[in-house]
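Below are two complexes that have chain A in common, paired first with chain B and then with chain C.
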Partner chain A sequence: MIEFDIGVDLFPLLAGTLAAITCGLLGNFLVLRRLSLMGDAISHSVLPGLVIAFLIASTRNPLVMFAGAAIAGVVTVVLVELVKRLGRVEPGAAMGVVFSVLFAFGVLLIEKAAARSVDLDADCVLHGQLETLFWIGAPERWVDLFSWSTLDAAPRQVVVLAIMCFLSVVFIAALFKELRIAAFDPAMATAQGFNPTLMHYVLMIFVASATVASFEAVGSILVIAMLVCPAATARLLTDRLRSQIVFSVIIAAATGILGYFAATAIPGLFDRGSVNAAGSMAMVAGFILSVAIVLAPRHGVVVRVWRRRRLGRSVAVDDLIAALYRAEERGMSGLSRAGIRNALVGRAADNALARVRRRGLVDEREHEIVLTPDGRRAAAALVRRHRLWERYLVDQAGLPVDHVHETAEELEHVDVTPAPAQGQGLDPHGRLIPDEDADLDGASAGHR
Partner chain B sequence: MEFLSFFIPTIAANGHSHGGGSLTDVSDEWPTWSEIFETMALRAGHNTNTVILGTVMLGIAAGVVGVFALLRKRSLMTDALSHATLPGIALAFLVAAALGAEGRSLPVLLVGATLSGALGVVCIQAIIRFTRLREDAAIGIVLSVFFGAGIVGLSYIQANAASGAAGLNKFIYGQTAAMGRGDAILMACIAALAVVAALVLLKEFAIVCFNDAFAKVDGWPVSLIDLAMMSLVVVVTVAGLQAVGLILVVAMLIIPSVAARFWTDRLWLLVVLAALIGGASGYFGSVVSALLPRKPAGAVIVLTAGAIFAISLVFAPQRGALASLVRRVRLRIRFAGEHLLEFAYERGGAELSEADITSVARLRAWPFWMRPIVVRSILRRGQAVRSANALLLTDEGLERGARISRNHKLWEQYLTSYADIAPSHVDWSVDQVEHVLSDELIAELEAQLAARGIVVPAPTGERAAR
Partner chain C sequence: MRPEHSADSPLSIHAMTVAYHRKPVLWDVDYDAKPNRLIAIVGPNGAGKSTMIKACLGLAPRASGQVEFWGESYRRARSRIGYVPQRESVDWDFPVSALDVVCMGRYRRIGWCRPVSRSHKEAGLECLERVGMRSLAGRQISQLSGGQQQRVFLARALAQEADLYFMDEPFAGVDAATERAIVDVLRELKSQGKTVIVVHHDLQTVPEYFDEVILLNMRVVASGSVNEVFTEENLHKTYGGRLTLLSEAAEAIARAAGGA
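Moving on to the complex of A and B:
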């Protein structure tokens, strides 16, 4: 059982989860527009913005800090765009140049600020200080939390994050349609009368603000992780933007909670001090993502491998009976096992053979494999499709005769047959195209 | 409670030593000229010299290796790679400590960094290969998750190891000044090795960078060469960790090659220039950091490189922003002048009044500053002379106008009859193309159109009839 001490754990947990949700929400559009690394760039280049805002205003007023960060965010985006356009530099390199120079500038400025005997600690920008958010005088019981005094006690970081989270939800809900069109089809967005570039900049301002709001508690590293990982995970789980957003928020919240407890509870099991919670949230995000990579229902590695193998098996079955059909065309009654292995070179011929025998498509007699009537019907349909495709590729697509076999070999396994042309019973190589009810009694030719 | 209060603790309570804590130390004053001279001429003592030489060597290596990262479009992969070294450093420290060895010894930590950096690169490639996620997402994922793991590792060490994590943090921001002689020499050796390897494999790298499909068909071991290239990037990144830190080492890899790219199209020159820019940045950065307090070498190195990049971006002769701006304005003025000639030809008569020019200007939407420049440019080309009215076209000007007019009709015909573009849509693009049709292309257009029975009449007038 995990111990939960309201005084120690509530606010850090709340801050981490709110930051995760805010960034996870905004990250959807970054991942969609292939701008994931813009989040990385902005969260680095916000540093000089913060320091300059502080040096100019000599105050740590949150509004000043947000203004500095938002300006730095926009400046980053503009500079990246300028470098890309003016210098024809590829986007990745442009981003790398801009954010690293801005970050270096920030580091230098921090040292300058330090000269004024105010030390801006850059480490905290990276991984935050979630652990310092404890609540002295917290109530012992959960019930006591539901009172106004809880709001008073909430540290500013949590309040700022809550506001930021609320604003992001409102932003995405209100402008969902516009954001979606701008992400998928900027030209259409322009045609519909709103400015996709403007949407882009507003989104970037939100990313920069979310970065600053999160800095305090969780540091920029969690910001980057949360901007990319939940959205990427959700993208593996669904093909619809709406459900992707919902999933990403759920995943982000789960990441925040699990990450926090992993950081505090797991080392405790081994009698060790707790580790950095922001870092552990990033690790949990990575863990959830890797689970999704392997197990996602449609896009997961396991499912895809399984689909491929199933396809491979069905192609082997098709090829096996087609080889027997062609052997019959050459006047043989069937093929030996060695002949089958030759026809299915590189594949598990014996498995395929066992499979077709189970389906009753072939018989084995006296060391020879022969087609049953059912098998012959299926094979004829297949060979017919192959030769019709060859005919089509030569006649309609204008390919040379010696280029069509490989393509037809792949297309024959798909359930689409080109319409036969009038009065053409031969394929481009001069072989007979089997009739639709080859051999027989007008039964359906499809073998599947 | 004050906002970002964590962010600004007072300096007194904080023992955090600064990268620029610097060799000459403490004073806030400017160094004297002789100090500057001595440091720059490598006469400021053995330790300073080793550090400067090490940093220069690192700059050269990063420049050379960065060229290939740039050409393979992997600039940002180096970012993920450098962040991915952190968990390796933490783990190496823990393992070494558990085995009873000195966890903080540089070679041990660098081995850990190399391994986890390489693992990060492999993860990126695997995510791109096996999922529907794109490269940008893959880089972001590996960068943040690995770095998060590293932070967890460091905080674990901080909380549980007897000695604390002090000293490991320097890999994040770098601490050139804290580098010992041995460390600097190790770094310089790694860097030198990387440069030599890159130069030896230059031909192989070139072929993979420019056309990997061809290289594969031609029988080169492309994956192996790619691997070698990536390993060099890993090695240089790891070597740079201590000097400039894992965030800024990315800049040393990316910026010199991007800046050098503005000046040349030749690979070997690109490599040389990137090496020079990297070396110069390293030299300048470490010298400044040695002379001034509170100037961390990493930041100065990156800002130097950034300044060189900015200069290249603006002033490079071929690809620079200024040069291409000049080219574009010139082209636009030539087009505008030719539109004027075309107008005169199509109306008939060599006379152009102020009103004529105004109407062309309005039709073509010239900005206000263009008109005098356009007029001067046709005068300078000898296509017109000043007259009482305004301009009088010379024979040369008339001939040019006739040709432009005919080019316009030819291309328009071509687009409508061959490219199936609606007649109402062709005019705009034709207005651009008419100026740049070469004689060969015109001959071909005539032949093609003649084959369809379309004849565009030659311009009238004996001189224009060529």
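Moving on to the complex of A and C:
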């Protein structure tokens, strides 16, 4: 059972969802530039930046933390670039090296600082402390939320995340076309005076700041998941950048809300308490991505399999009526079911037969399958295309006569027909190429 | 401005040397383009043809030398210069339509932070029309054939409404229809008084398509009108073996600098 207690649930839910939206939004440009790992890298390597900023300023004031994170973000990008160029390794390796070393450095710094009783915790960076954001003295009813005192009660993490989310929306909306050209064609962006390197650094500063804003509440695991999953999911659903961004925000928001309730509801089914909400949100993000991979309208696995099967079925139908047409050419009136199965080796002959009968292309009489006039017309067009392709492959492409049948067998199902050569009514094997508007009586004359 | 280069000249290159990782790929290029000409850059693989136009546009590092456009720096002349990069230089899976790409040619005109307005989209559609692609404006770019993608790039350059165009191998691997469309656009641009500099690899068509030619092999072997310069002797100088001494020197410089 899902219960919603404003005091316990409102702020954690808000924090998680805001973090998800912010990261999901910025993640679009990381995924497009094939830099998803950069989000991972930055979200780890801001740690030493935070600790150093804290050690210098001795305060956890958000502005100080953001300055530390932004500097760490830029340093990460520069270091990755340097390692890539000087170490001659691929970008993924460069990012992996830089972020693991910087993160480790951050952990060492924290341990050192902990000796001076400093309140920073590496564990909290990973998992966040969403559950600690409860609101003591929260109103019981929803209507009471709409008052200024609600703003006063909001914890610092939620306020910071709301500001960060707002800034990210403004950033992407204002620089949409500049970000697009810088990601698509950096050379053109440069030639037009939109410095793509500058755009890259600004984007990375935003990613670093979003990471910091999210750390305390949701931890870095959710940050990494949200930088990649919503954008990757949205990319599967659309081929337009604007709708991709809108979808990614919707998916991120849904992930935050679903993940939060799943954290209580799903373990509840097994009589257990609740699990870490940030972890649950990251799981939901991964789950939504897998659903999209399977079900997406154009790029999804199901559609691709279905498209391939439909093609296979139509090829089987084509081959079936072509086999009947060739049988007629050999003077037979039709084929038995066994004959059809022979012609369609390895494929579902009965299925194909049922399909052509439904479409009125064949009749079955006295254990024999025969073409109807409609079927004969369709078959003649097909055989014509097959033989014209054979002609073309021999005459124009210079293939040997005994090699063209298999290729023509593929090409006859394509919607392209070579032009017939002047005065050539025969294919390379000496068989008649059926006329354009298949002369029915001619083709079936001997069999009626 | 240097006295030997004129303000009429859309492109003046003076003593330009380009090096990648300290390895020189173009030596001491001097060139003055005459206005209103179709100019081909021709030379063997690795001669530095693409590098030459990239260096002019500030996309490749210049080791030394100056480049001026109508006697001004690239920064000041930028809005009068159009560029068609090689087709392989971008990710064609990117989620944008043909029209979106064409409108990118107008971003400088539109300016920072402002959306692409209806009038700019109209202009983009018109440019697609000129390359015979209007009906495919809404297609996602991965669903276009190679030739159609090349025409989208061409339409994007038209949308820039520049006076000087650089095109990097626009004829590479395109179908006959696209080749004709490109040639039509080149002639149209010329009739509007513009100058186009094209990296070209098909020697056969040079006299048919172009007025002037730059024969390039790590330095300018010869340049001028096709009639005078596009001779067997000059082609032999350009293609007949690398300049062994020059490439050896380049290798030695690279080795001394510790690069590849």
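The rule is short, and it goes like this: the second predicted complex is superposed on the first by the 309 of 448 C-alpha atoms of A that agree within 3 Å, B and C clash if a C-alpha of one lies under 4 Å from a C-alpha of the other, contacts with A are read in each partner's own complex, and residues count from 1 in each chain.
As a convention for this text, a residue touches a chain if its C-beta (ideal position, glycine included) is under 8 Å from a C-beta of that chain, and two chains touch if they have at least 3 such contacts.
From a predicted model like this one, the values you see are computed outputs, not experimental measurements.
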| item | value |
| --- | --- |
| Combined model on chain A: chain C and chain B, fit or clash | clash |
| Chain B versus chain C as contact partner of A:Ile172, first or second or both or neither | neither |
| Partner chain in contact with A:Ala183 - chain B first, chain C second, else both or neither | second |
| Which partner reaches more residues of chain A (counting touched residues only), chain B or chain C | B |
| Touched partner set for A:Ala316, first chain B, second chain C, both or neither | neither |
| Which superposed partner A:Met95 touches (first chain B, second chain C, both, neither) | first |
| Chain B versus chain C as contact partner of A:Leu203, first or second or both or neither | neither |
| Which superposed partner A:Arg235 touches (first chain B, second chain C, both, neither) | both |
| Chain B versus chain C as contact partner of A:Phe194, first or second or both or neither | second |
| First (chain B), second (chain C), both or neither touched by A:Asn276 | first |
| Which superposed partner A:Gly87 touches (first chain B, second chain C, both, neither) | first |
| From 45-53, 81-89 or 423-431, the chain B stretch with C-alpha clashes against chain C | 423-431 |
| Set intersection of chain A contacts, chain C complex versus chain B complex | 34, 235 |
| In the complex, chain A residues that touch chain C | 32, 34, 174-178, 180-181, 183-185, 187-188, 190-194, 235, 238-241, 244 |
| Residue ranges of chain A in contact with chain B within the complex | 31, 34-37, 39-40, 44, 50, 54, 60-62, 65, 83, 86-90, 92-97, 100-101, 103-105, 107-108, 111-112, 114-115, 117-129, 132, 155-156, 160, 215-216, 221-222, 224-225, 227-229, 231-232, 235-236, 263, 267, 272-276, 278-283, 285-286, 289, 293, 299, 301 |
| Contact footprint of chain A on chain C as seen in their complex | 54, 57-59, 78, 81, 83, 85, 89-91, 94-97, 100-101, 104, 107-108, 110, 112-113, 115-116, 140, 142, 156 |
| Chain B residues touching chain A - in the complex, by the definition given at the top | 1-12, 14, 16, 18-20, 28, 70, 73-76, 78-79, 127, 130-134, 136-137, 139-141, 143-156, 159-160, 169, 172-173, 247-248, 250-251, 254-255, 258, 261-262, 294-296, 298-303, 305-306, 309, 313, 319-321, 324 |
